[in-house]
């Protein structure tokens, strides 16, 4: 199996023409596409419809290229859109491919990029932000690891999860049948959904004990976290969609992945640690400054709940005009773009139970030296 | 003469208690205060009242400490507030002092931090954003250089200007008497005022020829720019207030200043170039990585008008929810904070005619090795 | 010919399920659909993708129901989406149908709702906001009047126009070939496009003389206006799409339309005047308070450029957090919803050359007394 | 005793010049000023510094006119600023005066405008949003009724309360000593503080039983509410400040007050009911349409938690760009301004436990027919 990743710049949330072009030029064979991640230019909040617009646009695009019904595309290919390109972040798509053509066997026993996909069942509004969402997510992460032929959790470097949120009408639906949702606040529900999903990843990777994940600790006890989960909430789905990324000797590809944890929002050096880890996986010696071989960067950003960064006050949590998640993406996007000189970064907001307080997981995919 | 600079964290736009405390502890003698610069946490736009609130609060505070009328404080001490602490930027005050006590003569002929202050006359709404504003500003910059005992323009490293903007009522006042303002759009007027003021600095420093500064080129021909101007518009004044910062052998202080131009929003290395320049002024050999001796950093941020950063699209100019100036401050704040590990940065938005397209001037003040 | 209008509540910008349902229940025959207008819940600004998402969703929906290619739907059925449901405004669709089945001849010589559609050619970025856009729009309005079998301009009561805007990339495209756009500011370009389009309507209806519409008067001389134009700018098209609504004896329907001009943002009584006019068209005597027969209401809202409403200051033009168009829609939506008790109002922002300064055109469609 | 109310337009949050002018013209005697209410043009959220700026400005202004220290002004004169003038709302001040000059005795036994003032103790961060805040508020309301010489709660028509909110630093202070705040979310804390304060008013007026007000019902059981409370949270204080407005035969003034409850956001007719009640108090027969005698209007606005208004969806609760309180003020401001033709309305957002779900209390002060 050969895993590939293609980074395409997006002119807008419905810009699938860049994929059409990549296919037309033979750079991507449509039948190998297994997942599309996107940074879209909405507010990243409840009413960010750029995510749904991008999802619908890619579904239509894939229907056209694959000649299969929309429902089949929906069931098979996760389209994980993360809203918010504040500051200098550049909207882009990451198209993941898997080529299972016989003959592309591993050259040697070196590990390289591996990926796997899985989905949970549909959730009810009442499930969101609770232990049950974490448990179902953990199960799906393990299924995705199996799909990726990764047996050892230490070979998993990033788990991207797309999860649902509560809207006024979903809450009303639950209330009507006597159900209780975790919060009546739609924006707040995004945090609970991201948090429960991240704890599900942590359970699957052995970072947190199963019994530690209880309703009352979700979005309260932030000592529990995953160093490899990245979860993103959106209005356009009611299940969790999981993409596991790691390195495996069962795969042969030109790519490898590494991760690190940003200790706080200013920890630009995490990029170097992650690059070194990816290098090591490849048995290569790239050196941490060679950011030109970086083909994708993922990380989570959040406003420190202490109200400070390295002892100095930030205003993100007190701002009633711009949401803290928007400030945080802009900040971390700037920190990392200043380090690597590129704004096509998959920086996602809302890092509940994803990395330590005020910091977050970061992962890089690098290409082999040619 | 001895120039000093004190960086104080602000708990809010009216937090003058930190100055009270510094005075109480003998760190600052109130009669030596010559200017206060502040980053306040408003939107940086037309209706950013945090600037005016901070100005009023410091005026009241200085009246209390100096025992002089508010009008005298207003006439003598520029209070230059720049709104907008997006991303991780930390609200703070920079209190500049000058000690003219006999005895504090220069140790040697080494240059050190020098500063001077001047004001233009009050402008009419019709003046704003036009050549006349630039001409008056240039005259005031020269007065401020004389005040700083700096004869050579190459010893000027930063010129901070606070300038007015147009409001609906100021425009109505002009229109009522048959006058024409440069734009009916209040937010847009901030850019014109900043641009004309920056060109005034460029004229004074010999960066742009006098005759090149014509109404039709202001905010149109961005090849004209100053590499040392930083201009900031606010609703709370109708004149320009100028603070010139440079190095001079006529002064003795523990500080020196250097500058550099950020070539674009990601140019974090400009910090190193500016540090080196400041080192050189001191005859020191600090090395560019010793950011711990940095006591103040100033820079301008703007969204590149090309719509791209290093070839990749940004969304700052197409966003109708968050102004481009807010995005740009968050981005550049992240780039620089990631480089130096500190969020107390005087990053000001709107860099019309201040540095090249998409970039901006940057200056650092460092303290002597103790 | 029989014209119909159906108002459907929208659960979101991609909610075409309500149309599916109306078709399933036999309330609407898909082949009779000639236009869909929608109020969607975006910011109404440059980066309001809810308009494009709604347009794409309806196109897909109509392709499914009609069994014709997307390009044919696009060429034939205007999908006019207006972003912004601030305050209490309720997102909704207005589906217009025309039934040309023989047999549905007029009962008598009474006038009833008539409608016609036309499109301009594709515009270049340089055309937008200039006289050429007005001229092309005027031509298309006349074509739409012919399509509606309305000969007399006084029988036209509302002309809805969807028009393009400039983005950073469209401006760059024009600049690259040496062209000049009307403004480099994307948000501002929306106003120019709306203004030029409105003047095109005014030319077609004889409200403004042809030669009066010159580049330099567009968005400057607001004494020129149409009392029946409503223009809305969006990123998702490059031509103008026109829907003419009026009354005609050539049509037989259960509906009639009337209009009035809101003299300012508080002029709730305009609803009564428009209802009376519609009544008169029907030869009916409904009485102005019977708002229960109102099936659609359209109007334009804008922030008075004087900075006041009936002598008291408003803050819409000085607000750098929320655009004036958003404030204005919320205000006028409240004024009208308070009058008629219903929030499903097609209130559109940005009334350049549409009605007098601070006011705007308003139209109502009422159903016959059953 | 003679109570007066003066409505002054504000050019900005620090515009006390209008009061200076009213004093200079003899319209207001400064020593009679007992309270100032203001609508200021901030976002009405956590970081709305227009409230604090207005408060500081009026304090300085009163110090100047009264020749007493700032601390005395602060202890004696409530300065109740409510942020948010969305839509068409016009920033203005309401200056309340009490003249206790002997001789101004009641003409007859007719009731007229009466007012009283009281303060709670300073709260701790932990008190906010809990029963203890309600209990202390109830006690202060009764003190203010005594101050107003109102014995019967049915003579109280409006109780304006200014209450504190939690910031990141206040929460940190509480947490540091082992305390628990009601919510870590600063914006959300505003709702809890308003809600607990409103229930305190309801307790004092006998609208809700003392034992019904428990921590777990605050901001959860909205069947508990006051029909006369209006509470507004701000960062600039840590106690509750109370202004009771009613009618009393012990007072002689040219004014009377009445109230009504808006059943929902579109209930414009509530103005008529409140006017009628005020008329009745005066023994007058003004007729409900004579809005020209209206000198002040107060009301609370909120987004219905059902997500609908009269059955149709609103988007206020799902909007991550503009807070629901901002939408709600714009909407209700439009509804009422469209009814009375004036935008100088004290519409305050966040109606937790103030009026029924989706509606809110409304009060009018009218002047006697001259």
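We call the chains A, B, C and D, going by the order they appear; numbering starts again at 1 in every chain.
Please note the rule applied: a residue touches a chain if its C-beta (ideal position, glycine included) is under 8 Å from a C-beta of that chain, and two chains touch if they have at least 3 such contacts.
Because the structure is predicted, anything quoted here is derived from the model rather than measured.
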item	value
Pair joined by the larger number of C-beta contacts - B-D, A-D	A-D
Equivalent interface to A-C, taken from C-D, A-B or B-D so that over half of the residue contact pairs match	B-D
Distance between chain centroids, defined by C-alpha means - chain B, chain D (Å)	40
Gap in Å, rounded to a whole number, between the CA centres of chain D and chain A	46
Per-residue overlap in chain A, given as positions that touch at least 2 other chains	11, 41, 43, 47, 169, 313, 315, 318-319, 321
Touch list for chain D against partner chain C, complex	9-11, 41, 43, 85-92, 265-266, 268, 309-310, 312-316, 318-319, 321-322, 326-328, 330-339, 341-344
Parts of chain D lying in touch with chain B, wherever the complex brings them together	11-14, 41-42, 47, 49-50, 52-53, 56-57, 60, 169, 235, 321
Touching residues (chain side chain B, partner chain C) in the complex	43-48, 167-169, 172, 184-188, 305-307, 313, 315, 317-321, 323
